[in-house]
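After this come two complexes, each holding chain A, first together with chain B and then together with chain C.
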Partner chain A sequence: MTMLSSAPSSSAPPAGFSDPVQQSQASFRALLDAMARPGRIASIAGDIGRPDGVTQALAAAALTLCDLDTPVWLGPGFDTPALKNWLRFHTGAPVVAQAGAAQFALLNAGQPLPNLENFAQGSDEAPEKGATLLIQVATLQGKTAMQWRGPGIKDGVAMPPCGLPMAFWQQRAALSAAFPRGLDLYLCCSTDLIGLPRSTAITFATEA
Partner chain B sequence: MTIQQSYAATATVAGYNFAFLDEQTKRMIRRAILKAVAIPGYQVPFGSREMPLPYGWGTGGMQVTAAVIGKNDVLKVIDQGADDTTNAVSIRRFFTRMTGVATTEKTREATLIQTRHRVPEMPLTENQILVYQVPIPEPLRWLEPRESETRKMHALSEYGVMHVKLYEDISRHGHISTAYDYPVMVNGRYLMRCSPIPKFDTPKLHMNAALQLFGAGREKRIYAVPPYTEVKPLDFEDHPFQIERWPETCALCNAEDSFLDEVILDDRGGRMFVCSDTDYCSERQAAGHRGRMAAPYKEEAAQ
Partner chain C sequence: MTAALSPDDPAITARQRRLAILARTDATALQQAWDGLAEKPRYRHLKVPETGLVMVRARAGGVGQRFNLGEMTVTRCVVAVEAAGRELMGVGYVQGRDARKAELVALFDALALDPAHAPKIEADLIVPAQKLLAEKRQKRAEKVAATKVDFFTLVRGEG
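And then the complex of A and B:
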């Protein structure tokens, strides 16, 4: 961005999208595809200036979806001045202290994750108020640990834990009972992401 | 014409953002679309904008299309199945000028299809998105006018009133007389209005490979049916859901399996039935299928 290059400073936030209109559209299509087809990996290409330690997929998702209207909560590991400044500069999103007040949460699976019940789940009359969690994980691979079933999945899909502890998956599986209330998740690793809408039911091998 | 040539060749109108809407509006619509996909059949409220044509002309569908469309998309727009009717032509021209994307009339070439009141006859693929223009999104609206009440009914999945309506149809006419906009249950949870498509098209929503998005501009609602999602028309065991049948086949392409429009030819009862999906009909004619009123073609003329 010319504004940044003309006045460089050590504290200037990284550049974000170089072509915001087209890149946010391309990122949105990846996010839409991932949410419409849970378990299938979508990728976000291109160059995205972002703070150290934040993966491309998560950065792109945040830039594409967050703005002045969306309170954001930063989880352990992401609650840094660098990320906060970058997010505020590019999106203007208010960073909130209470997880339950956030519409989006940026979480790092390298750190202990908060209990999923801390986040807004929406209500039966307005389920869309349930939060969207963007979770950065170390891998999307691994041994099969569970089955996902639901809209967008043709015959059920075998999924690995995607770098998240089984306690997390137990929590997420339990949320299905509250449908249509719930949380929508994106698991982001490098340039790839997987969507997990609240409509997906999770079963574990022992139950099957 | 390839996509790239078409993109480069088309002059978009200066002074407008790509796809007309500003970025903040697109973000708001995009967030609504994602929630709609995550809660199949639920109507997500959104801040519908003024579009440069009146409400009722597809402003909801256009806003969804504008939020989704990218420069590599190939757009098809249909109105009652036809690519060449006023509404389809004007919306296609709007997006050509506002985005410069390639457009097509061929269902199989399109990546994004905006439709008014029909689902294309050709099965859609996983690489396609179908955007419906919706006039009234609330299936219970003519039965319960209060939004506060219908919200509660959806929250409680309390849809008995719709069954009563269908039952009254049967008691009055002997069959369910709802011919279009047939009420469906999505994923066993939400009652949904599938926009005024004929009930002939209703089964196509079930387990469709494509993502289906619904936009209602005046009523400010977006909802969705993700791919491979169960969509079940409401019916009764002794009065199962049935689609329309016609006494004839298409007069131009002889199709037996497509939705037919009746065209009155004179004032003595003369009539013909033709496919409502123009692309399907012309593709069948190109493949050599002939109906009883098809134009005589070269090979016949040469004999």
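And then the complex of A and C:
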């Protein structure tokens, strides 16, 4: 028996959803709810096999949203063979080298984040072409730093920086001017996630 | 990642042949072969068995335009089997909705990559199954041949 080149010994990726049908539907529901109610935390339950360093919420979002038709870009810290293998095995999504070509991007807030302008913002005719960023953050808590307002939020919601630098939030706030172009974000921490659609306007505490 | 795979790689053609035979083998025969293993390997699912539709495409006579013949129910499964301190990935695609069969095909596919198991699987499972398939095909061909009709036209007024 010759060594099979298509199956190197270490290539078997982690398992992904243990119950793909139920879990992907539950995750999709959670992702929808999170995006419809910006700032409200949605939780992902269940058992999800994933590479080291990837949290449950980010793994669930990636497995649920990505497929053959959605190019994915992996940010610093996530651009590893293990994560690439795992994502490709379970979703079939092509991993692209150019951030601007991606529909989804997996970012790790523990690493330097790329400029938000690098990602596809869509156009006025086709705003849906704007990318969705899945950002893994260390916390969703903290001292209030800003107000979110917009569809899905009654009055306004006071938000912490969620472990992201203020420079990032300034960049995100600046994107609001280009609406309906823009980026949709999911902030993922452990089993929790928060949605931040492009329709949400951000004002900072000092300006209020 | 590994280097680009060539479809002519002998390891790949051997695996294709094995998978083609396993997929057509009776589920009970596979189960018996599994029960007959002296020591069951530990394994985990990478993809639990799932059933879906696959579009079957064809070309009339193997040439000409490609067309969609129809959809076919297929069940697939991917497992990682522990063998000699490493994990071997096995895949199983079978016609129909038999989840256990897809799983067994995947398990045998993985085990056949392990030099310790390969000769036994080849001798005890693959070769007999291949023989059975060939016999079935032969029988069917004979049955079909027996009903063959030759169309011809009688020519009148000759001579």
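To be clear about the criterion, the second predicted complex is superposed on the first by the 198 of 208 C-alpha atoms of A that agree within 3 Å, B and C clash if a C-alpha of one lies under 4 Å from a C-alpha of the other, contacts with A are read in each partner's own complex, and residues count from 1 in each chain.
As a working rule, a residue touches a chain if its C-beta (ideal position, glycine included) is under 8 Å from a C-beta of that chain, and two chains touch if they have at least 3 such contacts.
All of these numbers come straight from a predicted model, not from anything done at the bench.
Residue contacts after overlaying the shared chain place A:Gly39 against neither chain B nor chain C.
Contacts of A:Ala12 after superposition: chain C is touched, whereas chain B is not reached. In the superposition on chain A, A:Glu128 contacts chain B only, with no contact to chain C. When the shared chain is aligned, chain B comes close enough to touch A:Leu65, but chain C does not.
By the document's definition of touching, both partners, chain B and chain C, reach A:Pro20.
Within the superposed three-chain arrangement, the count of touched residues of chain A is higher for B, of the candidates chain B and chain C. Once chain A of one complex is fitted onto chain A of the other, the partner contacts of A:Pro161 are absent, as it touches neither chain B nor chain C. On chain A, the surface touched by chain B in one complex and the surface touched by chain C in the other have residues 20-21 in common.
Residues of chain B touching chain A in their complex: 17-19, 23-24, 26-28, 30-40, 42, 44-45, 67-71, 126, 151-152, 154-156, 187, 189-190, 211, 224-230.
Residues of chain C that touch chain A in their complex: 1-3, 5, 9-12, 15, 44-48, 50, 80, 86-89, 113, 115, 118-119. Of all residues in chain A, those touching chain B in their complex are 20-22, 24-26, 28-29, 31-32, 35-37, 64-70, 123-125, 127-128, 130, 132, 150-154, 179-180, 184, 197-199. The part of chain A that touches chain C in the complex is made up of residues 1-13, 15-16, 18-21, 81, 85, 89-90.
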